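The first chain written gets the first letter, and so on, giving A, B, C and D; residue counts start at 1 in each chain.
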Amino acid sequence: MIRFGVIGAGRIGKVHSATIDVNPKAKLAYITDAMPQAASDLAAKYGAKVASVDEIMKAKDVDAVLIGSPTGFHAEQIQAASNAGKSIMCEKPVSMKVSTIEETLKVVDKNKSTLMIGFNRRFDPNFAELEKIIRRGDIGAVEMCTVISRDPSPPPAEYVKGSGGIFADMMIHDFDMARFLVGEEFVVVSALGAALVDKAIGEAGDADTAAVQMQTASSKIAVITNSRRATYGYDQRMEVHGSKGMVHAKNIHNTTVEVLSDKGYRADPIQNFFLERYGAAYANELNAFITAVETGNRDPKPNGFDGLQAQKLAEAATQSWKTGKPVKVA
Amino acid sequence: MIRFGVIGAGRIGKVHSATIDVNPKAKLAYITDAMPQAASDLAAKYGAKVASVDEIMKAKDVDAVLIGSPTGFHAEQIQAASNAGKSIMCEKPVSMKVSTIEETLKVVDKNKSTLMIGFNRRFDPNFAELEKIIRRGDIGAVEMCTVISRDPSPPPAEYVKGSGGIFADMMIHDFDMARFLVGEEFVVVSALGAALVDKAIGEAGDADTAAVQMQTASSKIAVITNSRRATYGYDQRMEVHGSKGMVHAKNIHNTTVEVLSDKGYRADPIQNFFLERYGAAYANELNAFITAVETGNRDPKPNGFDGLQAQKLAEAATQSWKTGKPVKVA
Amino acid sequence: MIRFGVIGAGRIGKVHSATIDVNPKAKLAYITDAMPQAASDLAAKYGAKVASVDEIMKAKDVDAVLIGSPTGFHAEQIQAASNAGKSIMCEKPVSMKVSTIEETLKVVDKNKSTLMIGFNRRFDPNFAELEKIIRRGDIGAVEMCTVISRDPSPPPAEYVKGSGGIFADMMIHDFDMARFLVGEEFVVVSALGAALVDKAIGEAGDADTAAVQMQTASSKIAVITNSRRATYGYDQRMEVHGSKGMVHAKNIHNTTVEVLSDKGYRADPIQNFFLERYGAAYANELNAFITAVETGNRDPKPNGFDGLQAQKLAEAATQSWKTGKPVKVA
Amino acid sequence: MIRFGVIGAGRIGKVHSATIDVNPKAKLAYITDAMPQAASDLAAKYGAKVASVDEIMKAKDVDAVLIGSPTGFHAEQIQAASNAGKSIMCEKPVSMKVSTIEETLKVVDKNKSTLMIGFNRRFDPNFAELEKIIRRGDIGAVEMCTVISRDPSPPPAEYVKGSGGIFADMMIHDFDMARFLVGEEFVVVSALGAALVDKAIGEAGDADTAAVQMQTASSKIAVITNSRRATYGYDQRMEVHGSKGMVHAKNIHNTTVEVLSDKGYRADPIQNFFLERYGAAYANELNAFITAVETGNRDPKPNGFDGLQAQKLAEAATQSWKTGKPVKVA
């Protein structure tokens, strides 16, 4: 039984708390949040205690800290938890600054802490199967990877301002998936962006529609497209081409029902809420983390390095978009 | 909060106990089983008490009885629970004998008990959507209904002997769905059967492959096919044709992954375990029952009459198969 | 080069004439029709000569006679062509009377004529592939076969009166396909029918909606459903279940285009004109006949016996529908 | 009846000759080729005469010249035909040099000749429907377009050397389709390439795997991916996202057959021969050209300007790939 202290009672903190609550190997011990009411509401719901971040770090009945606070706090909380001897699961991104991530990983490394980064999509049953098939060699040597990610609807322009931009806030998941599926590092990134969905997003200095193409040292190519809007649901597709064939994962419809008439065949829209679409992914992610903690695996994937690399790609894409030039990644 | 006494700690009792356990409006109070160990294991898992059937009927802290015992006990337990003032959810079939069902429903009727029969497929999100679309009139007047139901693999011949036969044990779900989707009663039934999957099933006097065609008084047609084996998973499909079009529900694949090669496109097999395939259906079914109990709805669907009619069709089909002649249903 | 005399310049005669015209191994030599204008129009279009039936039978520059006249003339024209030493391709059915077919086949047999019956669906690339897969053993031993056939819209009630009824006029194709796919003869037939699409069809003594279930001596089961209407196109589907798996052929959409919106996914209707849907089938059928003639194969499939058996099943189904009882087939 | 002189009896000349032969409004009058045997073989097949290019240009019984010669001759032959008063259908590309195209179009413009460029994919029924849906406004304002084009197998490295490279030889079709579907000009092009399929292609200075992203002045984005190999068939897909939804065209399978087993669902590979895949497109293209000639439409689409713009994009992509920098297009 792994006892968790959850930092952050916002949207993602609630997701993780619910996931912990139904996991037979996990116990939700403490919850903290800058807004006391949010913390106490969530604690009451799951029979947990409310505490300060500091108290959680010091608590003897906490084995693991789950960090779902605003991004600006991630790095210092990882370091604190690492220094306190806790295992750590932290939401992406570790930090908006690559140098801060590198500094944080040194602390984790020194303490030999178990740290996992919340790239939940790796744990989606469809995408996990995709990766398994690729690693098994069924499609031969990987040559090209395409990731399509479109949100159902754009966030408020206010949110966008503090989000780090579409490449760091949204496409970072796709950068991680492209690395995960291709199995190599990308060395050059080219980005295009536009505010076609919501002018206010453009006025806030961000894009809501974006495309990136990247290449590895061995010349493998990845193409990512993003939009903050998809009227037909939460569009999450990936396809990987290799020397022997192709493997792809399609979207998940709400139901399997089709209506046939003189207008044609009409199938249901696809799932459009991230909790529904990625419910199984969050559960599997938690199980992977618990297994790592239980078995003393200090380097469960996706690890701090994965967090670092995804952030580097996001920074490179942002820079490429702003300068109109390809950006090399070390 | 509805407090349940669960009768039967076998396969289906376990399903319902787990479903009750995670439902926030339900409490698993008592469990009973002819095998004390089975009852106490299940009770321990969910923090429930072990009791006798009689104790459950008398217990003041039991609002509803969930009957998952062998079919032979259903009728008397429904009557006992009804006489004890409990609400009742009972697995299908109520009884192998139509006359016993009729007698039981009289008791339920006299006591004005809330009784729901466990035709869980009505609550599958796909099939429920199908029915909603039909009732809304999207396909016009219903003309023909096709139900395909194929189990992943046959049960042991031993089980088959006490099962009541393929029409009462397996196709009964499809009889209920045909009635549910077409919205009328069938008045004539014609059946074919064969033991093509497992000779032992044939030697036990049963079929493992079967087809039925039925017609309503207004001439609407339903066609049902069953097999005890489907190598590609648990095949559960329905299609309904109307004057304006057709609506159908397709199978659910394990994942959305497809592998493309010179061999063609390969998609994952479909879900092949009833608990996975109908997990959402069991949860929705329980919610419907709880809502009925809470609101004092004494006639939630599928009700005792639905159980009776499905059994009549199963009996008619069995007789048609054995005699080689169509059988009329009153 | 096979020189054809085409009997009948109606709908099906036109189809065959066009198919002969573009086949490099076939020459359209003569056309005849009871309506001289129809014959001369069609002859002019393809550079053929107009002649009487008798002249065609006697013509030295005719190798094969293609019979597309009204059903009532098929038997005598087959016999005349056979006696004249011609190869014969005849539209289904050979005759509405089983005894007339039997008599006709005796003549063909005595003369050792090459006779092929126009069950064009066997030559559809999808259904031909289906059969190939079954015969190759990919799905193991066949257990059950389902054929779904729905016309886009009903014929005039006038046509229906002289058509022989839905089982002989429409379902006869499906009887042939069930025999073709299952690979055995059916020994018992049970039919249901109704006039749900057009009351006038019912008043004319026919059904427009029908279902049949049949069984072979080895207990294999076939289920056929028909309707004279399908708003979504010309619905032509088949699925065959075996001990190792299932194979099915789906409908053909007009295009591969899908439109995704908040209403869901909308795919194009399916092809709804028999000439478009079965264009390749007619071309392949003609090639198979030409090959038989060229190689001296006197028994190309589907042969006269296939025509006979399909007609027997159609008669049995009609009788079953009218009497409400299963009918045995010798 | 439009009388054609076909220049080039190679692969594409054969395609067009066959298409002309079966078109009731077209007559194949003359064929020419640098290899006399090729010309006389093809002429014999379709009952056409052999002539020199010069004779075709002067022939009074030639209304239209169809140019399927090697690319290096296209420009001068267009000019000659234009000066001779013929209508012209010319295979893509007009020339490998943008300046040569511009010069050629001046001649065509001066003579008011009817010129159509052979971007056959615009006439594929699926892609034509796609464009119709977009123009009708069904998906709202276009925001992003994705074109996937993968050949079944790579050409010999020898061919590659004289081909102009993957961007001009293969992706030029996709540049045209992106312009056609988006409906605006692209102003900046970024390309990646690699020789991952065949080393010899890399040694010949070309890529066999490529990705391009482009943007219009109004910020719309197009992403194109190409590979010279697809083991599963000839992969030709397009999807276009707009403010109200998405429309896409999927691949065409050889048959609609699926085999289901414990290995999953296996569908047929997709069509993998360009003649089969684009047979309808070639026929529709010819009809569009004939209609233009018959109605005196001097500017049928795709016109010379379309040829020019696609070539500009191909040149920009080639330069971007070689320099590693985005290239602006005037």
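FYI, a residue touches a chain if its C-beta (ideal position, glycine included) is under 8 Å from a C-beta of that chain, and two chains touch if they have at least 3 such contacts.
Predicted, not measured: the structure shown is a model, and the values here were computed from it.
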The angle in degrees, nearest 5, through which chain B must rotate for its Cα atoms to match chain C is 180
Look at the interfaces A-C and A-B and say which one is made up of more C-beta pairs in contact. A-B
Do chain C and chain D face each other with the same patch, meaning over half of the contact numbers show up on both, or with different patches? same
What is the distance, in whole Å, between the centres of chain A and chain B, each centre taken as the mean of its C-alpha atoms? 41
Quick one: report the Å distance separating chain A from chain C, using the average Cα coordinate of each chain. 58
Note the residues in chain A that touch 2 or more other chains, in rising order. 231-232, 244-246, 260-262, 268
Within their complex, chain D touches chain B through residues 231-232, 253, 260-269
If you look only at chain D, which of its residues touch chain C in the complex? 22, 125-126, 129-130, 133, 138-139, 244-252, 254-262, 268
Show me the residue ranges of chain D that touch chain A in the complex, using the header's touch definition. 141, 143-144, 146, 148, 150, 188, 190, 192, 194-197, 209-213, 215, 219-221, 223, 225, 227, 229-232, 235, 241, 243-246, 324-326
